[in-house]
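As written, the chain order gives the labels A, B, C and D, with residue 1 at the start of each chain.
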C-alpha cells in the first residue's frame, strides 16, 4: 500500500480536494487530464465496496459472494463434523460396553490399572470372557451379533504365545531357554453355547505354563448396526468390530496386564428395508457440495482479476503519479 | 473536572489565597464582586461533605442517606440469598437421596458413568426401583409421600419406547425397521405394596424386546415438606417432586445409560397448624422493602438536584471565570 | 541516608581524600579541627562491623550477638514445632481410627459423602457403633480405654432429638407441628458387654419416629496414652477424647448425614513409672529459654544505644557539616 | 573478542580493504609486511570452518570430529538410559505384584491409606501374607522362587517388636513401662506348605500383646529372572528381592499402617543356556566405548592446541596491532 498511487488517491480523496480541483480547472493541459483519469481509476480501485456503492451506485455483489462462500464452507464443516462425531461416539460406547461385558470386574477408569496377579485369576478371566462371548445374544443389550462366514459363525480364538523351551529356576539362578516364540490357538464355536454348560478347565483342555507364557490373546469379531441414524432420516450403517483381549506377560514380573482393543470397520448394510418416508439424503449433500465448489471458483476468478488489474494500474501509474504528487501540492 | 471553574476554585482555594484577597480588596468593581460570589459558590460546590461541615457547619445528612442505602440494599440481598440457598440445598439433597433410594448400587459421583450393560441388569434395575417405590414409606428417612389425586395415590408409570417394527440381523448386515416410535406404559399403584410380595418378572408381565427398545422411563411424583424453616420462625413450604428415571438405549451400543432427574415445584401448604408463637414474617419483610424503596428514591432526587445545580453553575460561570483566571494572576 | 552528614562522610571517605587532607594540614583553624573530629565520628558511625575491625581493630562482638540470637530463636521455634506436630499427628490418627471403628463401612476420604438413606441403615449404623463401643477393648489396636468416674465407667449416651409434636402429611399438604425440640437419651454401660450378646432392636427398646426426628447423637468418652514420646526420652501424656457421632436429619430431605467429631484434652498422667533412665527434660528447656531471653535483651539494649548515638550525631552535625561540604570542595 | 586484533582483522577484512591495500603498496617498510602477515594469521585464526575452506580449501575435519563426538555421546546416553529403564520398570512391576499378592484387599493407589484398625484384621493380614508366601509357586504368574541357602530354602521371618514391660491403664491415667524394645521372631519354612493346611492361630502359636506392641515385620527373600531381555538378544539378569512388610504401631493411635518395601539386587545368572544365536553383546559395547573415549581425547587435544595458539597470537600481536590500527586509518 506504500506505492505512490495510494498517496495520490488518498491525497485527492480527502484533504486538498478543493486545491486539486482548482488546479484542474486552471490548466487544461493534456497530461493533467490523463493524470486526472488515472487518479480517478486509482481512487476507485482502492475504494471498499460501500464507498463504491456511494460513488457509482454499484451493488456490492462481490462482497455477497464472499460472505456466501464463508457461510457455505462453515455449514459443510459442521455437517461433516456432526456425522463423524456420531460414528466416533458409537465406537467409543461399544468399546466401553465390550469392556464391561468381557472383562471380569471391570469398572470405568480402570484401564491402566486393570491387571491380574494370580494364576487362578488368569483362568477365571479367560473363561469368563469365553462364556460371556458364547452367551452374548442373551446378555448384550445392544444389537451385537457374531460375524458369519457363509453359513457358520466365526469362532473365538484363544491363542497363547510361549517360549519354545523354558526351564526357569530362579531359585538357583539357572535357566535353559529357547527364545523362539510358539503360538498355539484354540477355536471355540458360538454354536457350542446351545447347551447351557459353562466353559471351564473341566470341559476345555486348556492349560497355561506360566514360566514359559509370553501372552494370551482372545480374538473374535462382532457386528452391529447403528440404528440411531434412522431418527435423523439417514440410513443406518453396519459396523464390524474386531476385538482382541490381550493378557500381557512379557515381563514375567508377576503382573499380567489385561487390555481390550477394538478395531472398527464401517460398511453400508447389504439388504435393508425401512418403512415410512426415509431417503439416504446423499444427493442433497452432493448438490450442496456442487454449490460450494461453484462459489469458491467464482471468488477465485474475481480475486485473480482484481490482482491483475492492480498490477496494470501500478505499471501505468508510476511515472505521471510522481509529478502528480508535485502538482497536487499548492504552488 | 478539567473545566476552568475547577482551576479557579482550586487556585483560590489553596495556593495564592493572599494574592487573590489582595486583588479583591484593592479593586471593589462590580464584576469582581460577582466573580467573587461565583467563586465562593463553586468552591462550596466542589467541597466534600467533611469540608462543607467545616466551612458552614452543615450536618452531612446526605452522606448519611447514601450509607444507609448501601447498608439496606446489602441486607436485602443477603436475606434473599439465604432464603434461596435453603430451597436449593433442599432440592439438591432430595435429588441425592432419590438417587440412592431408586438406583441400585448407586454411589456419589457416579452420575456420568452410571450405566448397565446386560439384560438382567436392566430388569434388576427396573424392578429394584419399582419395589423401592412401593415400600417408600417404610424405607425413606425423609418425610416423602405419594402424590394423591383425590382419594387414591398417583401410580408409578413404567413406559417403554420401541420401534414399531424392527428385525435387526447384524450377522448378515440386514435389517427391516419402522422408525416410528411406539410408547407402551404400565401403571403400578402404591397400594399394591400392602401385601409384602416384591415385584418381579413372575408377577409383573413386563418384558423388553432389546433390539427394538429405544428407552425405558419410570415416572412418578412424590411430595415433601421442608420442615427446617420452622426453626427459623418461617412457615414450612410444600414441595412436589416429579421424578423420571430414564434408561437410554437410543444408541443400541450395548450401553444403557441410566439417569434420574428431579423437577421441583414449591407451593404454600394448604392446611397447617404450628404450636407456639410462629408467624410468617412476610409483613416485616414488606415494611423493610418499603424503607429501601424510600431511601433509594431520596438518594435519586438528591443526585438529580446536584447534577442540575452543577450544569447551571457551569453555564453561568464560563465567561467571568475565564477573565477571573487572568485577574487571579499577579499583574 | 539523604542527610548532608552522609554526603560528607562518603565524600571524605572515598573520592577526594587527598584534597581534604591537604586542606586539613594547610589551615589549622578551630572549626576545621572540630569539623574534622565530627567527620571522623560520622565516618566511624556509618562503618559496617568489618570496616570497624580494619579501622580500629575492634572485635565484631555485637555482630556475634545478633547471629547467636537468630540461631537460638530458630532452634526454639523448631523444638516447639516438633513437639506440637507430634500431638497433632496423634490426634489426627486417633480420629481416623475412631471413624473406622465406629462408622460402618467407612473408608478414607468419604467424610463429606458419608450418609445413610434408609431407615434400616440408620438403625444398623447406630447399633454397629454401640456394639463396637461395648467391645472396644477386644477390638482396638491402640491403647484406648473407657473413661472412669470413680469406680464405674462412663456410659455411652444415645440421644435423639425430635419435635415435641409432629403430624406430617405431605400427601395432602397438611402438617401439625410443635417446633419445640425434645431430647431423649438412653445410657449404655460398657459393663453390659460382658455377656457376648450384641445390642439390637430386640434387647434395646430404641425406636426412631423419623417424621419427627431432628437428630441422633452418640456421645462417649475414651482415654489413651501417647506412648511414642517415651522413645524420645519424654514422658507420655494422657489424652481424653470426647467423641460425638451425629446423625443429622434437620433437613428431612431423605439424606441423614453422619459425622464424627473428636474433641481432645491433654493432661499429665497421674501415676506413672518408667524403668531405665528417663527424665522429663523440661529444666533443660527452661535453661535454654533463659539464655534466649538474655540474648534478646542484650541486642535490644545495643540497638537503642546505637539509635540514640545516631540522633545525637545528627543534631550536633547539621550546622558545621553544611559548610564542611563547601570547604571540602577545591577553592 | 574485544581485543584489538579482532578490530584489525575485521577492519581489513570488510570495510577499507582498498585503503589498506593502497597503503600497503605505497610503503614497503618492514613492519608493514610483518603487520600484514600478522593480520592474515589473525584473520585466518578467527575464521569459522566454512570460511577456512573457502580461504585455503582446507577440509573441515575438526568440525567433523566435534559432530561425531556429539552423536556418539548421545547414542551412549540413550543406550544406557534404555537398559536402565527396563530394570527400573521390572522392579516397579514386581513391587506392585507383591503388594497385590501379600497385602489382603490391596488395590492400586491405596499405599498411603492402607492400614488396619482392629485386632482381628491384624491377624488376618499376617496369616494371609504367610499363606500366600507358602503357596507362592502355585499362585504367582511371574517366575518367582524362594531363595535357597545351600539345600533348604530361606524361611519367612515374622518378627514382633514390643516394649519389654508395659502395663498401660489409660482408664485411670497410670502406666508402668520399660521403654526398652524386645524383638521376638518366628521362622516359617516354605516346605511347611507341602501339606495343604493353611497357617493360622490354631496351628501357629503366635499372639500379639497390642498394648506393648510397637511393630510387626514380615521379612523374606524372593528371586526372579528378567526374561524379557532375551527378546532384545541380551542375556537375562537374575534378581534378588528382599521384601519387608511392616505393621507400624509406634503411635498406639488405633491405626496400624501397613507398608511393603522391596529392596532389589541384580546379578548375572550363574548357569544358563540359551538356544539359537544369542550373545551377550557386551564386547560390542566395549568397542563402542573405546571409540567414544578416543574421539573425546582427540577433540580435547585440538581444543587445547587452538587455545595455546590464540594466546601466542595475542602476545605477539598486541604491540604492532595498535599502530596498525593507526596506519589502517586514512592520513
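Here is the rule we go by: a residue touches a chain if its C-beta (ideal position, glycine included) is under 8 Å from a C-beta of that chain, and two chains touch if they have at least 3 such contacts.
Note that the coordinates shown come from a computational prediction; the quantities given were computed from them, not determined experimentally.
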Notebook entry, point to check: Under the touch criterion given at the top, what is the topological distance in steps from chain B to chain D?
Noted result: 2
Check: Is the contact between chain C and chain D built from the same residue numbers on each copy (over half shared) or from different ones (under half shared)?
Finding: different
Checklist line | Angular offset of chain A relative to chain C [C-alpha, multiple of 5 degrees] | finding: 180
Checklist line | Inter-centroid spacing, chain C versus chain A (mean Cα positions, whole Å) | finding: 58
Check: How many Å are there between the centre of chain B and the centre of chain C, using C-alpha atoms for each centre?
Finding: 40
Check: At which residue positions does chain B touch at least two other chains?
Finding: none
Margin query: Quick check on the complex: what are the chain D residues that touch chain C?
Written below: 113, 116-120, 122, 163-166, 168-180, 210-211, 213, 249-256
Margin query: Which stretch or stretches of chain C touch chain D in the complex?
Written below: 89-90, 93-94, 96-98, 100-101, 108-109, 138-148, 153, 223-228, 230-231, 236, 238-239, 267, 269-276, 278
